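Dropping the structures in below, format is C-alpha cells.
Each of the next two complexes has chain A plus one other chain: chain B in the first, chain C in the second.
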Partner chain A sequence: MSTVEEPSSEPLGVKEQKELDAEVGDHFGDNYGADPTRYILYRDRKEWADLEPVPQDDGPNPVVKIAYSDKFADVYDYFRALLKKDEKSERAFALTADAIDLNAANYTVWHYRRVLLQALSKDLREEMKYITNIIEEQPKNYQVWHHRRMVVEWLNDPSAELQFIADVLSQDAKNYHAWQHRQWVIQEYKLWDNELDFVENLLDEDVRNNSAWNQRHFVISHTTGFSDPAIVQREIQYCLNQIRKAPHNESAWNYLKGMLQDRGLSSQPGLLEKILELKETHCSPYLLAFLFDCYEDALESSFQKENLEQEHKETLKKALEICELLAQEKDTIRKEYWQFLGRSLKNKYGGDGPSNEETKPADTQEAS
Partner chain B sequence: MMSAQLKDVIIKPDAPSSLLLDKHADYIAAYGSKKDDYEYTLSEYLRMSGVYWGLTVMDLMDQLQRMNRQEIIDFIKACQHECGGISASIGHDPHLLYTLSAVQILCLYDSLDAIDVDKVVEYVKGLQQDDGSFAGDKWGEIDTRFSFCAVATLALLGKMDTINVDKAVEFVLSCMNFDGGFGCRPGSESHAGQIYCCTGFLSLTGQLHQLNADLLGWWLCERQLPSGGLNGRPEKLPDVCYSWWVLASLKIIGRIHWIDKAKLQRFILACQDEETGGFADRPGDMVDPFHTLFGVAGLSLLGDEAIKPVNPVLCMPEDVLQRVGLQPDLLS
Partner chain C sequence: MAEEENQFEEFEQIDFLRDRHVRFFQRTLQVLPERYASLETTRLSILFFALSGLDVLDALEVVDSKVMIEWIYSQQVLPTQDKSNLNRGGFRGSAHIGIPYSTKGPGVLHPYDSGHVAMTYTGLCSLLILGDDLSRVNKEAVLAGLKVLQLEDGSFYAVPEGSENDIRFIYCAASICYMLDDWSGMDIQKAIDYIRGSLSYDNAFGQGAGRESHGGWTYCAIASLCLMGRLDEALSPRELNRIRRWCIMRQQSGFHGRPNKPVDTCYSFWVGATLELLDVFQFTHFEKNRSFILSTQDRLVGGFAKWPDSHPDPLHAYLGLCGLSLIGEPDLKKVHPALNITQRAFQHLQQLQQTWRDNAGSCVGQQ
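Right, the complex of A and B next:
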C-alpha cells in the first residue's frame, strides 16, 4: 500500500504563491538593483546562464502538455538540470531551499539537499534552524521530520528536541510525526526523566488525547514497568480520576484495560467495586465494556470450581445483561459485536442453562 | 448517560445517497489533463501511487480500458533505477512505496516483464535491517508501512523467500500495542493505517494467528462514529480513507460484520461530489484520486455488486490476484 496520509495533511490544493522572496537574494548576495526583495526567475539570473534547464518529462509519450505556474516550473527545471549534472555546489544547495519551499513533500529534493549538506560540509547548526522553520510551517509531512532526525543524528545533539517537539505539539497535540520523533529522541538519547510529567501536563489540557495516553504507556513500560503493584495502583487511580473528569473517554479505558488485561482484571482488589460505583454517576459504553471484561475474567477464574457455582451463575447473568444493554440501547452501532460477546460467553460458561442454539448471523463465527 | 463531545461530522440531508460510478470514472479518466494543473504538479512526488490509485479504481469499476496502458508501462520502465528500485516519477529517487505501486500496476496490466524483476527483488531485500524491519529507501526511515510494501511486492512477484521472513515478522509483532493495534515503530500509537499494513503483512506471511483478533477487532469497530464514518484513532474526525484501512483490516481478521454497514455506506456515499465526480475525505470537501479509490474499494468490501470484488490485503481486484495466483490468508 502506498502513502498513508494523515487527514488534512499535505495540501494538494492550490498553495498561495509568494510574491516576494527575500531569502533568494540573501543566498546569492548579488545586487538586484533598487529592490533587493524582488524575486528573479532562475532563467533570468546571469549566474545560472551556464545551465540548461530540463523541462518536466511526464513519460515518453506525454498525454498532455501541462501548464505549471511559472515560478514552480522555473525552479524545478533548474533542479532537474542540477540532478542531471550531479552538481554539488552552493548554488545547488540554495536552490533546494526554493524547491522545498514550493513543494516540501518532494522527497528527491530532500535527498539531494542531504547529499549536498555532506558534500559541501555545510553548517549543521544552520540546518537545524532551517528545518525548525520548515517543520513549523508544515508539521504534517514525513520528509521534514526524517530530515530533522538525520541532522540530529549527524550532530549527535538532541538538546533542542524535546522543547521543539513540545512547541509543535502545542499547535497540534496529536501530530503523529511529532510523537514518533519524540519517542525516537527519548529512546535514543535516554531522555526519560521528565516525560511522565510532560504527558500529565498534556492530559491536563486534553484528557482525551490518545497520543498522550500512548506516550504514558511508552514511558512507564520503558522505565519502572508495570509489574510493581504500587505502580499499577497508582495508574489505576490516575485512570479513574481522569474518567471522573471525562467519562466518555475511550483512551483512558483502553489504557486501563491494556495495563491490566495480562494479569487479569478480576485480580485487582477493590477495582470491581470502584467500577460499579462509577457506573452510577459516570457511566459510558466503555465502562460497561470494561465491566463485562471484569466479569469475564472472574468467570475464567471461577470456572468449574466448587462452591463458586452460584456466584459463577450470577456473574454470567450480569455479564449477559451488559451485552444486552449495550446492543439494544447504549451502543447500538456496535450491536453485532456486543451480541457476539454475549453468545461467546454463554457458549463457554453457560453450560447448564437453557439451550443456546439461537440463529446466528450467517457470517459470524464463534470465538475460541 | 452523559453524551460525549465526540469529534464527528453531520451528514446533510441533501448529501449524495446513491453511487455515481459513471461520474467517478469520468473524473479519473480526465485527471491530469484538467485545469487543476497545480495540484497535479504538486503531487508529482507520489505519481506512481497516484497512477496505481487511478487504475485500480477504474478496474474496480470495469473501466480500465479508458486508461493509457502503453504510456503507463513505458513510464514505469523509465522509473526503474539501476539499483532496481522504482521512483514515483521520472527524475525522482527510488523508494519502496513506489516500487510496490509500480508492481501493482504491472500486475493489473499483466506486464511484469516490462521491468527487471530480479533487480526489484534485490532492491527490496537490500532494505531489510538487522532487526527485521524495512527502510523505505537508502536514507533509512523505518516504518511498518515499509514492511508491508516489501512483502506485498515480493508476494506479487512470488519471491517472498528471498528475505528473512521470520525476522520481518518479529519486528512487526514488536509493534503490537497494549490495545491490540499497531503503530509505525515499536511503541508508536496505534493508527488504522499502520494496522492495515500490519494485518496485511501478517496475512501475506501466514501469521494472522499471532493477532488478538477479538481485541483488535473491537479497537477497529470502535472507529465507527455516530455519523457512520470511521476515524483512524480515538477522538479524530472520520475520513473515507479510514473506511478502507479499518474495513479491510476487519475483513482480514474476519470481523467485518462488527461495523454497522448501512451507516458506513451512507457516510461513504455522502463523500461523493455530484458535480465533479470523485470522493473527498469527508462530505463537502475537495475530491482526489486517493479518496476516490478508497471510497469505491470500501463500498466493494461492503458488498456493492456494481463494483468488482476487491482484495482486502492488497487493494487490487480479486480477479487480478486470481490470475497472479495469490490468495492471502484471511481469518474467518
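Right, the complex of A and C next:
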C-alpha cells in the first residue's frame, strides 16, 4: 500500500461517505496539518510512515461482515500493524485510545493497552481517570470493568471504588457489572464497614431492588453471619417491615425464605402466626408460596410420627388449600405448577399412604 | 369456509412471520453496519445465532454451507510447525488481529493470537449445524487451549491472556468437551465446585459466589451439569425443587432474568430451557409466553427484540425462536435444551461420536 502523499481535492466530509473498503491512495490535500483539530488518518501521519498497515483478512467469502468506515479501518489497520511487531511505544499507547473509542469491546486492544501500561511504566492514576470516564459512558461492557479491576490491583488502591460504583449505581441501581465489581473490592480489601448502611439506603430508595437484597445477604453472611438468633430476629423483622410497606415484593420474600430454609421454615417460633396475620391484609403469591413451604417443612418433620398424625393431616389439608388458592385465584399464571405441587405433596404425605398415581403427570398442557 | 377453530389457528399461524425471520438471518449473514462494531471480536457467535436460527426455522437451504464452513475453519488457531502455540488453541471470533486467511496448517506464530472459549463453542456448534464432520478440528489444540483457561476455583477465563472469569465460560468449556466427547480439557470436579459455590440463598445461580442469581447464569449452571451428566450428583432433590421454584417464578408474561426486573425475550429460552432440563417446563403458561415473545417480533425487518417496540438483534431473534420452539410452535424445529442446537444437529453429532468410537474400537482391535 502506497504511503506517498498526493494532493487531493476531496474535502473531508465526502471521504466519510465512501465505500467501506479502504482504497489505496486515498489522501488528504496538501493543507495537511493546517487545522490541528482536524482528524488525520493514520496513513497520512508522517510519524507513522514507517509502519505498514495490516488490513483485516476475512478471506474470499466473508460472513457477518461489518462495514467499517475509512476512519475505523484505518485505525485498526495500524493497530494490527503494531500488534504484529509487538511494538511497545508511546504512539502505540495513544493509538489504543483511538481503537477503544471506536470499539471498547475489543478485548485484544485492552490487553495490549495493559501490556503497554506496564512496559512504558505509565501513570496508573491517569489510567484510573481514563477508565472512569469510559465506564461512565459504557457501564455494561465487560472489558472496561475488567480493565479497571486490573488497574486497581496494580495500584493496590481501592480508595475510589466504593464511591465510583455508587455513582454508577445511581444511574442504574441493578447494573450487574457494578455489583460484581463492588463485591470483589469489598471482599478483596475488606471494606465491609459501611456496606450494610449503603444497602439500607438503596432499599429505602427502592425496596424492590433485588441486587440490593442480594448485597444485604452478602454483607451479613461475610460479617456477623446468620447463626446468631438475634441477627436472625433482626432480619426477620426487617423483612416483615419491608413487606408491610410493599407486599408484592418477591425479593423480600426470597430473602426471608433463603435465610431460614435450611433451619426449617416451620421451626421458627412465632413466624407462621405472623405470616397468617399478614395474609389477611398484605397477601401476595409470594406470601402464599412461603406458607406452602412452611407447611411442607412441617409435614416433613411430622411424617409418620405417631402422636402427630392428626396435626399432620390438618397441615396437609392447609397446604393443599394454599395450592388451590394459588392455582385458581392468586397466581394463575402458574396454575399447572401449583396443581402439580399439590399432587406431589398428596402423593408423598397423603394419609392413605402413597398412591399409584404418577407424581410427574404426562403433558397436561397442549402446545398453542 | 374454515371452522371457527381453524380460523383461530390460522390467525396464530399468520402472526408468526417465518419468512421475515429467514430474511433477517440472511441479512445478518451478509453485511452489518458499522454501529455493530462492538460485535467484531464475537462475529463467530453471531454466525451461530443466524445459522442455528435458520436451522430452527428449517431454512438452512438458503445458506451456502461450503463457504460458511471454510470461513469458520479460517478462525481456528492452527498449531505452528513446532506446536509451540498449542495452549492458545481454539477458534477466534474473527480475524481482527490480522492473521492472514488460512484454513490449513501449519499456523503462523503471532504474539497475540489465541482462541476465545465462547467462539470455540459457537464455532463447533456452527460446524455441526452445517453438517461438517469436525475432521479438520485440531482436537489436541482445542483441548490444550481449553485446559489453560481453567482457574484453581474451577471457573474459566475466555482467553489465555486473561479476562473476567465466571460461570459462562464453564458452560462453553462443558459444551466443547461434550461435543468433542473428551473431558480431558477440564477438571469437572472443580467446575462443579464453582457451580455449587454460585448457588445463591434464593436458590438460583449467580455469575460466581455471592452474586445475584440470574436466569442466564442459572441456565449456564444447570446446562453444564446436564452436559457433564452430574446434575443429580451435584444437587440434591431438595435443592433441585428449590431451583425449579425460582425459575418458574420468573414468568411474568414472558420471562425476566431476575426478580423485579422487566421481562425480556431471551429469558424465554434461558429460563425456559432450564425448566425443560428440570422437567417442569410443561407447567409454565405457554400462551402468555408466546404472546410476549411475539409482541417483540419486528414485523417489518423480522427478528425479535428484547422488548416490544425495540430494535431486533441476532441474539434475541435466535433466542426468541428457541423460546417459541420450546412451547411447540408449529414448523419450528426442536432445540436440544442443554447444547442449544436443534435436535437434528444434535443427532448429527451423535452419529459422528459413534463413528469416532467405532474407529477407536477398530484401531484397538487391530493390535
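FYI, the second predicted complex is superposed on the first by the 307 of 368 C-alpha atoms of A that agree within 3 Å, B and C clash if a C-alpha of one lies under 4 Å from a C-alpha of the other, contacts with A are read in each partner's own complex, and residues count from 1 in each chain.
We adopt the following convention: a contact is a pair of C-beta atoms (placed from the backbone, for glycine too) under 8 Å apart; a residue touches a chain by one contact, two chains touch by 3 or more.
Since the model is a prediction, treat every value here as computed from it, not as a measurement.
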| field | Touching partner for A:Q183 - first (chain B), second (chain C), both, neither | value | both
- Task: Determine, under the contact definition given at the top, whether A:N106 touches first (chain B), second (chain C), both, or neither.
- Result: both
### Message
For A:P229 in the superposed arrangement: first (chain B), second (chain C), both or neither?
### Response
neither
#### Entry: Partner chain(s) touched by A:R334 [first = chain B, second = chain C, both, neither]
both
Which superposed partner A:F218 touches (first chain B, second chain C, both, neither)
both
According to the stated criteria, A:E250 is in contact with first (chain B), second (chain C), both, or neither; which is it? both
Both chain B and chain C touch chain A at residues 54, 56-61, 63-64, 66-69, 72, 80, 83, 103, 105-108, 111, 142, 146, 174, 176, 179-180, 183, 187, 208-211, 214, 217-218, 221-222, 250-251, 254-255, 257-259, 261, 289, 333-337, 340, 363-365, 367
Note: in the complex, chain C contacts chain A through residues 12, 28-34, 36-43, 46-47, 50, 64, 67-68, 70-71, 74, 94-101, 110-112, 158-159, 161-164, 200-203, 206-208, 210-214, 242, 245-246, 248-249, 251-253, 258-261, 279-280, 282-288, 290, 327-329
Within their complex, chain A touches chain C through residues 54-69, 72, 76, 80-81, 83-84, 86, 102-108, 111-112, 141-143, 145-146, 174, 176, 179-180, 183, 187, 208-211, 214, 217-218, 221-222, 249-251, 254-255, 257-259, 261, 289, 333-337, 340, 360, 363-365, 367-368
Chain B residues touching chain A in their complex are 1-4, 6, 32-33, 37-46, 48-49, 52-53, 68, 70-72, 74-75, 78, 87-93, 95, 97-98, 100-101, 137, 139-141, 145, 148-149, 152, 177-179, 183-185, 187-191, 193-194, 196-197, 200, 214, 217-219, 221-222, 224, 226, 228, 232-237, 239, 241, 245, 254-260, 263, 281, 286, 288, 290, 315, 332
Residue positions on chain A within touch of chain B in the complex are 1-8, 12-15, 54, 56-61, 63-64, 66-69, 72, 80, 83, 103, 105-108, 111, 114, 142, 146, 150, 174, 176, 179-180, 183-184, 187, 208-211, 214-215, 217-218, 221-222, 247-248, 250-251, 254-255, 257-259, 261, 282-284, 289, 330, 333-337, 340, 361, 363-365, 367
